[in-house]
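There are two complexes below, and they share chain A, which is joined by chain B in the first and by chain C in the second.
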Partner chain A sequence: MTDQNGPQYQRLLAGKVEVVNVGLEGFVKDLHDCGIGVVHVDWKPSAGGDPQMAALLAKLGV
Partner chain B sequence: MKVVVLNEIRKGFYLDSVALMRLSREVAACPGVIEAALMMGTPSNAAIMRNAGLLNEGAAVKGNDLVIAVKADTEPAARDALDGAIKSLEKPKSQGEASAAWRPHSISAAVKVRPEINLALISVPGDFAAAEARKALNRGLHVLMFSDNVSLEDELSLKLQARDAGLLMMGPDCGTAVIGGAPLAFANRLRRGKIGIIGASGTGTQEVSCLVSEAGEGISHAIGVGGRDLKKDIGGITTLMAIDAFDSDPETDHVVLISKPPHPDVATTVLKRIGQSRKSFTVCFIGASDMTVPANARFSPTLKGAAELALGGKPIGAEFDPGAVASRVARRPAGGGIEGLFAGGTLCAEAQVILTAAGREVTSNAAIPGVKTLCAGRDPGRDRLIDLGDDEYTRGRPHPMIDPSVRDDALRAALRNPALSVILLDLVLGYGAHADPAEHLTRLVADRGQDAPVLIASVVGTEQDPQVRSAQVRKLELAGIVVAPSNAQACELAVAIANTAGR
Partner chain C sequence: MKLIEDANQQALARILEGEPRLIDIVPASQLMKGLRDRMILHAGPPITWERMCGPMRGAVAGAIVFEGWAQDLRSATELAASGGIEFHPNHHFGAVGPMTGMTTKSMPLFVVENARFSNRAYCAINEGLGKVMRFGGNDASVLKRLAWLRDVFGPVLGKAIRASGGVDLKSIIARGLSMGDEMHQRNLACSSIFLREIAPWMARTSVDNATLAECLAFIGQNDQFFLNIAMAMGKVMTDPANGIRGSTIVTTMCRNGTDFGIRVSGLGERWFTAPVEMPEGLYFAGYSEKDANPDMGDSAIVETIGLGGFAMAAAPAVAGFIGAGAPSEAGNFTRSMGEITVAQNPEWSIAAMDFAGVPTGIDIRLVVDSGIVPVINTGIAHREPGIGQVGAGVVKAPLACFQQAVRAVASDLGVS
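So, the complex of A and B:
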């Protein structure tokens, strides 16, 4: 969304990056080592491992 | 020979792909094992295992099942390996892991706990990556999608959603980005400075950013856009947003855009947008012939050339003279051929540009426009430049930047090939990459014969990287490998040696 400070993607470069990591756990240590805030998600395939159902649920905002 | 295939399916058991690849290698090394794989049972992984004859007929697997598959020459060997794999999986977690902080199970839960989160780094299997990216965008997060194997339709839909929400959607298949000093995925530790990078190519971005950083300048941010962003179907959505972002970034004076040649319509749109920018640009469309760019931009067909333009014309590795180095190389096997075995796809593309410009006949599995596509067993007279990160080598296997052994078989064969004078190699350092690729390489080539081809390498990395570039270079040089300051200069040296082979 755009506000008086411009779209969010323009502000991303000016601000601080805080990361949620979903997938390879190795990326977490690299970010920590550089002083970047990061939360790792204990991820498992959703929707019983059915990618199509997972995509549908994501579209529905579930 | 009769082979035995055993499968074990663990329902609802998830491990990330790097952990699974590590275990797969351990199991594959067990006595009597021909092939082994530990994979999540996603549709694409199941297809890979079926094609490799590793999944038994009738085995029903789902995306949240972990599949252990072992092919061995005897039943006891297969059973022992399978039991070993199961034991490894059931090993209790170390004290450190067990006492680790609480971990949310979803992006939504993570954002609730830490509302400052503004970016999701997604590297789950491709079959599920689009769904996770959509959840992140729905939560107002920028996304870097490292995962590949995502459809063009999903990419377009995610990028349109992101643009509408004012969010950056980097990827899919985005190997690297550096935002405000945060190394995202495979990235190097770089000096901060005034040069921004927009990259549709991971190793291209790494090579340019490292050359700039090692030359004493710095990088403000490197935005990855994914390898397909400049294709007609996507229309450069993220690239155009990245130009907007750099336009309003006071920390950036100059921007380097790196990509394989875009679709002509997309190139026109992007170049027009560059012409409207307040910043100066270097446009590096690797493999494109010299093209007209706006007045505030310069064009380079190579990564080294792009880095030099970004540095205001300062030459990279000026002290390195390929002709002089070639004349000092003691052994010059007479074959005359060059074989490039690359971990970096864009480094392979840059090699094609340089070898063809030098008049060499080239073939590649990742051919740039004008280069012949590699066909096994054909074109014996041509130099072969192989991208080992291409799907045919990495389907179900780690990328050679993570696991350099992906290159081993091809390198062993090349060392014995009398038609070759030179083998060209790249080592890519940084976060996410192998801890010591030089050690792996030097061990492999230690017992090469006197008449083996000359080994020439380039090392993509910085002194600040965890592997320390100079330490890797020293290790290679002690093993008799010639190291050039850049991939482009490694290629120039290869040409200089091959053109005078046997003399």
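So, the complex of A and C:
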């Protein structure tokens, strides 16, 4: 989307950036090294990303 | 799924409502009708001689000589290798055993009764530290100590326990958690509390001061004495939760040095096994991971009821002892295990967790969904027979056991 000040994502990155990193923890260090504030959320896809097991778990109430 | 949630609440209630009491010490043959000559019960899921690890074979050879089925260790090993010994898991006989978990007919066993559900469970007496059969030791000193436990210590302590009217175990655990025990790799507080409770009864029932002093010293010198009592308690609390259709709560975790095995409430006596992992930990001077055997023992029954690695927050000193990180990080283990359990035990709280109860009721669905597996605090045995303990550490349960069990529950409930 755009408006008179340009694309919204450009405005988002123009000021101070605070990041919530979900999943792979490797990105956290890179952001820290750039002086960017980051909060890491320890998250993995259900059943390690196995879609069949995830579907089975969903049927079993998880 | 309502069927599963209801079944899990029922299984959980049966675990939490248990009223375990230590009531006696009795020779195994008097407790187990099917336990015959040339039959050995071992830790973990079923296993044959051919697949047994070194320390398990060493313990088997020692147990054969102890029972007089062979004259020496060499002929004992030949007897076992030739099919002359029948092997069964302790769990199939209402029992548990630490590390190699040897149980034979003349060994004296703790008897723990669950007054709420009228069931019983058994465990052999802890032999102490150093060279012992549970770590694969089998020389003359090991067999001499076992004979003393059978002929002297077992009868003395059994008489005292009977005279006392039984010892309530839940209250000892509650106090132990507040004194730095997690009941797997640290039992110092619980062993001391037990000694404080039973010593007067040992004195009242003793007929010989020298023997009394020897028996009191045996308990007092072994920080892990209470472990075997805690294990029988775990077994007697989880057994009533077996066989509730649809329940995904784990009722057994154990290992035999080759395989890790679990059983699940809704699936009854069926075993789900996978190769057991190597503990990560610290080694005694002169030993390293090259000497270590993969993990073994029925002692993971204490984790099954929320103790051991699940209660690490109560025992920060243990985290350092077993190489699990800084004491300040002990709470992370307990919090993590909270992700795969369905409740907390309000009777067993941890001060360092703002008196939260220990995480209880491992749900196989939560394990597989999160990828977080149970952590177990454990001793490390040398991989060769006859040497003994070389360290202590933490081992993770293999995820494959839980994945198999989830598929089996789904199949049983007609879910695909």
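Note that in this section the second predicted complex is superposed on the first by the 35 of 62 C-alpha atoms of A that agree within 3 Å, B and C clash if a C-alpha of one lies under 4 Å from a C-alpha of the other, contacts with A are read in each partner's own complex, and residues count from 1 in each chain.
Operating definition for what follows: a residue touches a chain if its C-beta (ideal position, glycine included) is under 8 Å from a C-beta of that chain, and two chains touch if they have at least 3 such contacts.
Keep in mind that this is a model prediction, so the values were computed, not measured.
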> What is the contact status of A:G61 with respect to chain B (first) and chain C (second): first, second, both, or neither?
Replying inline: both
> Is A:P7 in contact with chain B, with chain C, with both, or with neither (first, second, both, neither)?
Replying inline: first
>> By the touch definition at the top of the document, which applies to A:S46: first (chain B), second (chain C), both, or neither?
In response: both
>> Quick check on my understanding: which residues of chain A belong to both its chain B contact set and its chain C contact set?
In response: 44, 46, 48, 54, 57, 59, 61
> chain A touches which residues of chain B in the complex?
Replying inline: 12, 14, 16-19, 40-43, 62-65, 103-107, 109-111, 113-114, 116-125, 127-128, 130-132, 134-136, 138, 140-142, 146-147, 154, 165-168, 179-185, 187, 189, 220-221, 241, 244-246, 248-252, 431-432
>> Looking at the complex, which residues from chain C come into contact with chain A?
In response: 1, 4-5, 248, 365-366, 368-371, 403, 406-407, 409-410, 413, 415-416
> Which residues of chain A touch chain B in the complex?
Replying inline: 1-2, 6-10, 12-27, 30-31, 34, 36-37, 39-46, 48-51, 54-55, 57-59, 61
> Which residues of chain A touch chain C in the complex?
Replying inline: 44, 46-48, 53-54, 56-57, 59-62
